[in-house]
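The structure follows.
Naming follows writing order (A, B, C and D), and every chain is counted from residue 1.
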Amino acid sequence: MTVTPHLFIPGPTNIPDAVRMAMNIPMEDMRSPEFPKFTLPLFEDLKKAFKMKDGRVFIFPSSGTGAWESAVENTLATGDKVLMSRFGQFSLLWVDMCERLGLKVEVCDEEWGTGVPVEKYADILAKDKNHEIKAVFVTHNETATGVSSDVAGVRKALDAAKHPALLMVDGVSSVGSLDMRMGEWGVDCCVSGSQKGFMLPTGLGILAVSQKALDINKSKNGRMNRCFFSFEDMIKTNDQGFFPYTPATQLLRGLRTSLDLLFAEGLDNVFARHTRLASGVRAAVDAWGLKLCAKEPKWYSDTVSAILVPEGIDSNAITKTAYYRYNTSFGLGLNKVAGKVFRIGHLGMLDEVMIGGALFAAEMALKDNGVNLKLGSGTGAAAEYFSKNATKSATALTPKQAKAA
Amino acid sequence: MTVTPHLFIPGPTNIPDAVRMAMNIPMEDMRSPEFPKFTLPLFEDLKKAFKMKDGRVFIFPSSGTGAWESAVENTLATGDKVLMSRFGQFSLLWVDMCERLGLKVEVCDEEWGTGVPVEKYADILAKDKNHEIKAVFVTHNETATGVSSDVAGVRKALDAAKHPALLMVDGVSSVGSLDMRMGEWGVDCCVSGSQKGFMLPTGLGILAVSQKALDINKSKNGRMNRCFFSFEDMIKTNDQGFFPYTPATQLLRGLRTSLDLLFAEGLDNVFARHTRLASGVRAAVDAWGLKLCAKEPKWYSDTVSAILVPEGIDSNAITKTAYYRYNTSFGLGLNKVAGKVFRIGHLGMLDEVMIGGALFAAEMALKDNGVNLKLGSGTGAAAEYFSKNATKSATALTPKQAKAA
Amino acid sequence: MTVTPHLFIPGPTNIPDAVRMAMNIPMEDMRSPEFPKFTLPLFEDLKKAFKMKDGRVFIFPSSGTGAWESAVENTLATGDKVLMSRFGQFSLLWVDMCERLGLKVEVCDEEWGTGVPVEKYADILAKDKNHEIKAVFVTHNETATGVSSDVAGVRKALDAAKHPALLMVDGVSSVGSLDMRMGEWGVDCCVSGSQKGFMLPTGLGILAVSQKALDINKSKNGRMNRCFFSFEDMIKTNDQGFFPYTPATQLLRGLRTSLDLLFAEGLDNVFARHTRLASGVRAAVDAWGLKLCAKEPKWYSDTVSAILVPEGIDSNAITKTAYYRYNTSFGLGLNKVAGKVFRIGHLGMLDEVMIGGALFAAEMALKDNGVNLKLGSGTGAAAEYFSKNATKSATALTPKQAKAA
Amino acid sequence: MTVTPHLFIPGPTNIPDAVRMAMNIPMEDMRSPEFPKFTLPLFEDLKKAFKMKDGRVFIFPSSGTGAWESAVENTLATGDKVLMSRFGQFSLLWVDMCERLGLKVEVCDEEWGTGVPVEKYADILAKDKNHEIKAVFVTHNETATGVSSDVAGVRKALDAAKHPALLMVDGVSSVGSLDMRMGEWGVDCCVSGSQKGFMLPTGLGILAVSQKALDINKSKNGRMNRCFFSFEDMIKTNDQGFFPYTPATQLLRGLRTSLDLLFAEGLDNVFARHTRLASGVRAAVDAWGLKLCAKEPKWYSDTVSAILVPEGIDSNAITKTAYYRYNTSFGLGLNKVAGKVFRIGHLGMLDEVMIGGALFAAEMALKDNGVNLKLGSGTGAAAEYFSKNATKSATALTPKQAKAA
């Protein structure tokens, strides 16, 4: 069989042909006098994707994990106290990183399937009269459980407490797919990566930083030792349109195209599409008689659905069947929910028919593994939803065509 | 929206990534001393795809239509009588070509939805004691109506009548997808193109020719004037591994990879996959309460299904909805069945999940246009079929990987 | 060694990255309702490349040879008398084709290294009072000998004789590289292919036809039997933005980008670049103490130089050394000049430094095979020329960037 | 102009078409059950490129700078004393990094144009009886000045002093191009990146680590805080064929092809080719009457030549002319040698004719900026060298073909 496996994991996402094509280029001279004419507008346009008011966006040749580390190392000092919450594999890993980097982490452990405990945060912040807490962390979208959290709510809690702590957001599986209003919500560091909403291969850690965080970094009061991920080296060279070390130029060219596509569709249309596609998936899950890992609608993520399989059935068997029998990759259950959930990623370059294919594969794999469902129930429910809610699609082979559409 | 439209027309088909990648190369010197090391084995391997015993395969930089013309011009003379049948847009066009090229065509006009009238052919051949009929034409797979015809049956009719006429087969939408036993069936010219079972872009007319037809060509008794499509120019240069004019080297490189993929999967596995996928589609059509254009199961094509829409509904409205609302291309109804059928192509690089997506789009487009069906019924019926009949898939990014799988 | 061989043959030419990228796409539906929005402007823009006043351009999935055949079959009838000249492998082959297609060809055999004998043509036309000659043929650029001919001169001869014959031009290795003023020169059929000045892979025969020739075609007085290459089938479908059979969509998308690049550079700048690069090559040949096959400067081609090697030396040994020792393809000597010349193609996507590389390889290969020359003399002479005449280059990764430059 | 700029910087290097093609793929599931079948052999084969005896190779989605940081953070503790030398921009930056990461650096400042002072190192190590020095650093190839240093010599110095310090080598612009015998020379950490000898885009930091260094890391006595670059997270997941965070799968697939190409050519043939090409460049520099920045032949680098321009001439003007007038990128002079040198990178995918083009561009740019040289002298001298020393080239479009050649 010669079909590349169908990919419905919550990142890396599928890449638009226009992006793939834009990266299929020879190497280029990253110190050429023409290079800044490309990079400087790219830096500016990237800010739009974060809806930033001030500050800047750094692009590291790394991954979201690297951008996490950069955010922490450049704005916090060893021994600083921070407020975090843990309710899934990725929020868990960020806590782990902060601890290993020497921060004193106050962790709110929440049930997996829920998200950031805004009210608990509010209490803790209100009580922290001495402002010992230097930063508050929010995992905007917990990829492991399909849970979105309320960033604006945390901002309100900070404001209510008149607390100066930095607001650190993991937007890896949200930026470019879910609305991220960095300026309006007063986010100080927003971490993202190339392989999710930006619809690119893995390889870029993208970190948006507010002016407040940049100022703190500049004061250099005991920030952590760092070099590769340092803001100051980046700023010095980025200001001229260059980088402190060799940048991943193919990915940067792809990012240019990706931003063009996002802007051509319109960010708000992109977000609406994600909501629409996620709603179709949730209609299917409901029709199958299954439940999401996310406990309540307010936690539902529009970029990934973690689906609980019935007791006595191993979700790993389902993903294996999907992979080997139906040539389709779904996300595994990780850590506490290993064997209990499988995940359908529905972010990035995606449309209704792709979702239809994903659900088609999923219901066969579920049925094959003993889940009692009616084949066609999930695809039918999603079709019902899309038939009512689909919008006119524009077909695009190139960004230029996308713009015209 | 940045998703390239989903393609379910009966050719051009979807291209495997490995094939697409193989063609993404610089130009090369088609007279280099190394070139024959590539072309000579390619010519040989191509014969396997036709299951030929003797003869040779020509590759013209053209299309299936060009290969039709080459077959006729090189083996028949102006004024020759030939036996053809007409029961769809492509069998019709081949008749039209033969008439324009000056042949005397005895046409059997059959109902659209049926195929080559083997018994009628047998009668005519039996009566043609003087062997005025120089060639008998068979459209193996009529792409417009989704009808397959019985090539072996026509061979039997020829043999029964001890008739020396050439057996000319249009295999454009069959070779590489349906079983074509050129040697066993005594086919003299089998016409194909790159963009169907060979899973390549359009641009190659591929023509397999038996030794008998080559001998007739060589005798040159009043064959038609020709140059671009002439066998003799091809033979002279092909024998050295070259071409009489500049060949489409990118497509040739892609063809190499395509053959590697077909052989790695195994031709018989490829045919079985087409039957399986077609069966899933037919299960869906049945579940929708619709009928195929093909009148009886014996005519059912495993590479394309032409689906009759209910009276009073315009099939063009359905294809437009599919295209503009669901980003999906289906085949239009052509000529006599325009407005009455839409076609799902299910040949080339394709698997169960892609079929699921196609049916998902089709049933929404049908429903949106007033067809009374239950959403999920078609995808459910296909899932039912595939869940019972799917085989272990192998995931492949490269031919090498495909081979290993 | 992993370097793709350097290509300096007179077509296929090197492909711009932007063109290569534009073709690295999935298949598309050539009957989609959006397709004409792409093709109709393409047809129009293509006319600019020929500087046509009226008429139209046909795009056949074939090669230049196919377009030759189309031009002849659609405008001339079997038995028609035509005037041609023969002075190289490609003018020779066109004569051969016309004879095989049944035309009565009056051939002027000229010395290889010279071109179309304008004065002889003028005499013959003046004497043809009954206008028995239906068409006059000109090979604008004879690729085998590196000779350009005077199309405008032939037009003047026709006008002087008030002769209504069609003016048929082989522009395969000229259009897009040398100035072709189809309208001003009253050319009726101008044949081209994708793999030369259009900087694309082989696979398109591009045929520009004047309104006069279209009118003659329409009158249908005994035109030749034809189908694949017929104007009428093309016109009927092209007018709607479609094609009579499946078009080579990847190449069409590439052609769009190629035209964008040519127009972005400016056609006259493109021609000037070809003259500049050719002048550099000729300076090198002179420095080596060698001669061109072209007898006089008036015959010098700006797209290919056929270089005579000294007596006693086999030019095939030189091309083999270049290929196997220096990873570089040059054009072979063909037919009468086999073993006597090797050819440097300098058309299409090419700049000074690439020419430098070609000359570097050539002088090593010449020296290795016993030609008495000073290494560095050719590259030095070309450098001298370019250092004086080079223009500011613009670096381009995409057509968009090329436009901006 | 539509030609992508010619690239002769000392990395990123030119990418083989086979590598470019191998990366032109859709995203894949980095947690699929088939993924380890790809990664585990890749890890093993990578060790061959370093000629390691034991230990392992880490692949970080970062750059060489990131791999520098990983080497330091995982094997040394804040406050550790290390021995380094500084004689060019990259050795300087590594010193800077070590200081910023809190090491006590004993720096030998050497003249730019020389390399690691092996005898001075020997003295210092001999005197360090208490083994306060925890690591000795060697920049194998200083990219800024075109200087190679004697790694084996430093090993001898360590052995002579019976000194247990780690031997840390920057092999960014050497591994895959110059001989690196990690096992034989007892190198403990060898840093490399994807965009030099591995002929890939930037984006991978490749770090080879000896068992000794791994053991030290495991003991965890005060190693630096780290997470993204930590060995332990990598080891835990790599052992299963996975990664601790999303890997850059396109680059990994490209790396597979790159290794295939290197092994097909044979590592020792690759090194010999670099020496041959470098010798050609040096012959040209000599013919121009110019000097290398490297003071003596023993320092000459086979991957990059930094060429001193005559007094009174600005080397930046030369690189600008090369870029804007001749579409060619050379390396700039950096830091102390800014304006004084320009650099020709001659590593990675490169052959004689490409070098010819580079020299052709360089001598025009030099001449245009007032350097008194004879055009053709440099290309002539290189041609002289190559004509005597070139080997049979094999032409390759795919790794498979490369292997067969």
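Assume contacts are C-beta pairs under 8 Å (C-beta built on N, C-alpha and C of every residue); 3 or more make two chains touch, one makes a residue touch a chain.
All of these numbers come straight from a predicted model, not from anything done at the bench.
In terms of CA centroid distance, which chain is the most far removed from chain C?
A
Name the chain pair with more contacting C-beta pairs, choosing from A-D and B-D.
Answer by contact count: A-D.
At what distance in angstrom does the C-alpha mean of chain D lie from that of chain A?
Inter-chain centre distance comes to 34 Å.
Rounded to a whole Å, what is the gap between the Cα centroids of chain A and chain B?
Centre-to-centre distance between chain A and chain B: 44 Å.
Can you give the whole-Å distance between the Cα centres of chain B and chain D?
So the centroids are 52 Å from each other.
Give me the residue numbers in chain A that touch at least two other chains, ranges are fine.
Only 4-5, 17, 20, 24-26, 28, 32, 34, 323-324, 395, 397 qualify.
What residues on chain A touch chain C, complex-wise?
Residue positions touching the partner: 17, 20-22, 24-26, 28, 32, 34, 253, 395, 397-398, 400.
In the complex, go through chain B and note every residue touching chain A.
For chain B paired with chain A, touching residues are 1-6, 16-19, 24, 199, 261, 265, 273, 323-328, 349-354, 356-361, 363-364, 367-368, 374-384, 386-387, 390-397, 402, 405.
For chain A, which residues count as touching chain D in their complex?
So the residues of chain A touching chain D come out as 4-5, 7, 9, 11-15, 20, 23-34, 60-66, 68-69, 78, 96-97, 100-102, 193, 195, 201-203, 224-229, 244-251, 320, 323-324, 329, 331-332.
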